[in-house]
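Notes to accompany the following structure.
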Amino acid sequence: MSLIEIDDLSACYVQEKNRVRAVDGVNLKVENDEILGIAGESGCGKSTLLKTIYGYVEPPLYVEKGGIKYNFRDFRVDNIFSSSNLSSIKWKKISYITQGSMNVLNPVRKVRNFFIDLWKAHRQNLNLTDFEKLLKDRLSSLGLPEEVLERYPHQLSGGMKQRIVIAASSLFNPEVILADEPTSALDVGVQLEVLGLFLKIHKENKNTIIIISHDMSVLVNLCSRVAVMYAGNIVEVADTRSLFKTPLHPYTRLLIESLPRIGGDKELMGIPGAPPNLAFPPDGCRFHPRCPFSFDLCAEEVPVLTEVCENHQVACHLRLRDEKVEA
Amino acid sequence: MVKSLVGELVKRDTRFRTGFILMIIIVFMSILSFFSPVDPYSTYYAPVNRPPSLRYWLGTDSRGQDVFWMMTFALKNSIVFGLIAAAVSRLIALLFGTISGYIGGKTDSVLMIINDSFITLPVLLVIILIGMVFRRLSFFPLAVVMGLLGWPWDSRLFRSQILSLKERKLTYTARFSGMSTFSIIFKIYFPHLVPVFLSTFINNMIWSLGLEVTLSVLGLTNLQFPTIGTTIYWANQHQALILGIWWWLAAPIAGAIILFTALYLLSVSINEYVDPRIRYQQGSF
Amino acid sequence: MASGKVVSYVIGRILQCLVVIFISTTVVFIIPRMATDMSPIESAISRAMAQGQYTDPRAVEKLRNTLEVAYGLEGTVFEQYVKFWGNILRGDLGPSFSSFPTPVMDLIRNSLPWTVGLLLVTTILSWVIGNILGGIVGCNRNKRWAKGLEVTINALRPIPYYIMALLLLIVFSYILPLFPSGGAYTIGIVPRRDWSFFIDVLKHAFLPALSLLLVGIGGWFQGMRTLVSHIMGEDYVVYAKLANLNKKDIFSNYIMRNAMLPQITGLTLQLGMIFSGTLITEIVFNYPGLGLLSYNAILRSDYNLIMGVTILSIVAVSFGTLIIDLLYPLLDPRIAY
């Protein structure tokens, strides 16, 4: 039984008279004890998907159809959007790291007050001194000195703020940590350290981390499994190794090939064209206008995400056609 | 640009619509004054203290004047007064704020100190002083004086707008492509300032009108000149409330409330329109 | 904390404050000297003569001299200016004309406590209440009660102080005789320090205070509501919501604490207006503070008295602004001296 089962989920933003379907018919299973990466260009719906997994759905974002089931260690949640025990899940079972941590801390209060607010909201059965000990341990395991609690956010560097955010999200040992572009705003050296922290937390707590990045090189080093999103759909899901060795979807291939390689003298390629306007997506397979391999079926029918080899799913008529031919 | 602003707001915002309609009523009343059969300066042409009737729609007062026609003049004069005061103060505020914000440095510090000096002036008292010295300020100069005293607050506003515009890329682009300072200010900055200009214009009208009412009630302005304030003054002088001539007070008070409410609604909705974040948060279907 | 820096900053701000006072007082000084058509002395004399008393030219000359000294108009403008400042620094604002020779300072001293009481109480109350209400409504923008509250308070906001005072007077003193219609305490009672006098004072102060409060709340309310709407979209509020912190904590610690800061700055800008509003309300209610004093001064053309009140107001507002400015960094950790 998977930890999270996303079933035909569609969520859209309502703007004036348009509906922008940022998540369209997504089916995904997230397992225990794995690090799942979600890759894709800006605007493809990754952040929206993460927000809906967390249950953070506020206007103008609406869930149109579908649902998410959660199978936590001690209880099940069948529908997070109408769940009354949402408050017992948020931050205790699932936590969330937002994109860009520059301004997420209250500028007029010391850092320690934020953690005390967290304690007040989530762990009243731990008394304050025990909580503080837990907090200090967690901070030092992430390389943060105790004094950081007495500082104001504007006195801290970007890397320190990111670590504080990671500390806050892992503090109550949630079963799932959702991280939205946790390394995008950081220097390369700090990026490496932060990735290391994620690995460390994962190893210590055996939890699941879902991490979004538009930078494939970040995902290849951290994740056990990677899902690729394009224009609101998941187009490929596989173990990291097999995804990078044998990418099946043309979009994935182009993404991987656009990464520069050390010592390579290959010409750097981008992906031609631009992502579609999600208010008026193209018919059929959404990638077909930019796909070098598209044929007539691609413009008519939406390809379904199907398992093509072991632990490797793809939504592409090309592969499905080959499959059918081979079968 | 102004036309599209107005058009959109009338459609979207109930408050703007209400304010707009109220304003139109008032402007209509003011325009009626041009067709008035009576001369606003003459007195005792009608029977005194008659309550509202078909002949005298808002009754008559103790000075033998038709309250209705007096109100049309009062509203017209009040609007003109507010317009003059607001226009003068906007110009000064814009000038001060732009120069101070754009040049910066020592000029900025000096100008801002002068600015602050004017903010601390208790305007009411200063105008009273002026009134005492110059005896019965007549209408037009009074409006100009209001303008000369009403700019400091908003010049800071314009200044901070200019400061933030200066830092934006559009300034650098314009500079590097060789635009002269003058054209940068006029062609690029000012269009950005239009909404703020409008909303502070209306705010300033409200402020100066309020001050006019206060001054007139205190008897410091040209009392023959019909405005909302002078009407209340005369009503008080003739003990209207005690004698039961309530319509004499009710008309200007109602006129004042409608005028102020209209202006206020307009200003608030323009303010919110100018601020894109609030528009976004209202959600839209 | 480098105390040297702090001290120099504070001194700088105090100097700035003094310069501002200097400039505005000079403006006040200039006004009577701008009267080219008819100087105040001539108008005072012509008024006295109209009463039919001073026809002897020597007496008129003497009157003119006395008035010149009293108005501070003898000698050249420069001499007047120097004398003017000399007097002020000694706390002498000159004699009042209508209550000659009572010094202006004494008259002000008697009226000041009433105004200060009214002013302080209503300013603080309207700031606090307005901000809290604005914050609550700002957070719950789409609920029906919030919208209703907003419309009500906003309906009160554009009403000028005078009209609001008049309205309250008419409704609660004439139509429903619940409250006394004027004065600070019942006529004839000797002020004493006991409970019943205190209640009497409160009863008399209620309507003026209410009038100031109603108009004042609107301003703070609106400003706060707009601020809170902004702050709701800030990253740290969104994050606090994501972390599922207690709603009460989010409201007070994250939203209000941040929204309060610009409102404190706003207080400095409003001090002048609040002062004027208090004066006007006092006039309507015959409240024996500086407002009534000024009104009587207007009626009797007591120029010196008005000038005294004006200068006092300039000094008070400037120092008030200074104090708030100096206290502000204590509340906002991002700003260091």
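Here the chain labels run A, B and C in written order, and each chain numbers its own residues starting at 1.
Everything that follows uses one rule, which is that a residue touches a chain if its C-beta (ideal position, glycine included) is under 8 Å from a C-beta of that chain, and two chains touch if they have at least 3 such contacts.
Everything numeric here is computed off the predicted structure, so don't read it as measured data.
J.: Going by C-alpha centroids, which chain is farthest from chain C? Tell me that one.
T.: A
J.: Comparing B-C against A-C, which pair counts more contacting C-beta pairs?
T.: Answer by contact count: B-C.
J.: Please compute the C-alpha centroid of chain A, do the same for chain C, then give the distance between them in whole Å.
T.: Taking the average C-alpha coordinate of chain A and of chain C, the gap between them is 57 Å.
J.: If you average the Cα atoms of chain B and of chain C to get two centres, how far apart are those centres in Å?
T.: Their C-alpha centroids are separated by 22 Å.
J.: Would you give the residues of chain B that are in contact with at least 2 other chains, written as numbers and ranges?
T.: Correct list: empty.
J.: Can you list the chain A residues touching chain C in their complex?
T.: 54, 56, 87, 90-91, 95-96, 98, 100, 102-109, 113, 117-118, 120-122, 152, 154, 168
J.: Residue numbers of chain C touching chain A in their complex, please.
T.: Touch list, chain C to chain A: 234-236, 238-246, 249, 253-254, 257-258, 261, 331-334.
J.: Under the definition above, what is the set of chain C residues touching chain B in their complex?
T.: Residues 16, 19-21, 23-24, 27-28, 31-32, 34-35, 37-38, 40, 43, 141, 154-155, 157-163, 166-167, 170, 174, 222, 226, 229-230, 232-233, 269, 272, 275-276, 279-280, 283, 294-295, 298, 301, 303, 306-307, 309-310, 313-314, 317-318, 321 of chain C touch chain B in their complex.
J.: So in the complex, the part of chain B that touches chain C is made up of which residues?
T.: Counting only chain B, the residues touching chain C are 113-114, 116-126, 128-130, 132-135, 153, 206, 209-210, 213-214, 217-220, 241, 253, 256-257, 260-261, 263-264, 268, 271-272, 275, 277-278, 281-282.
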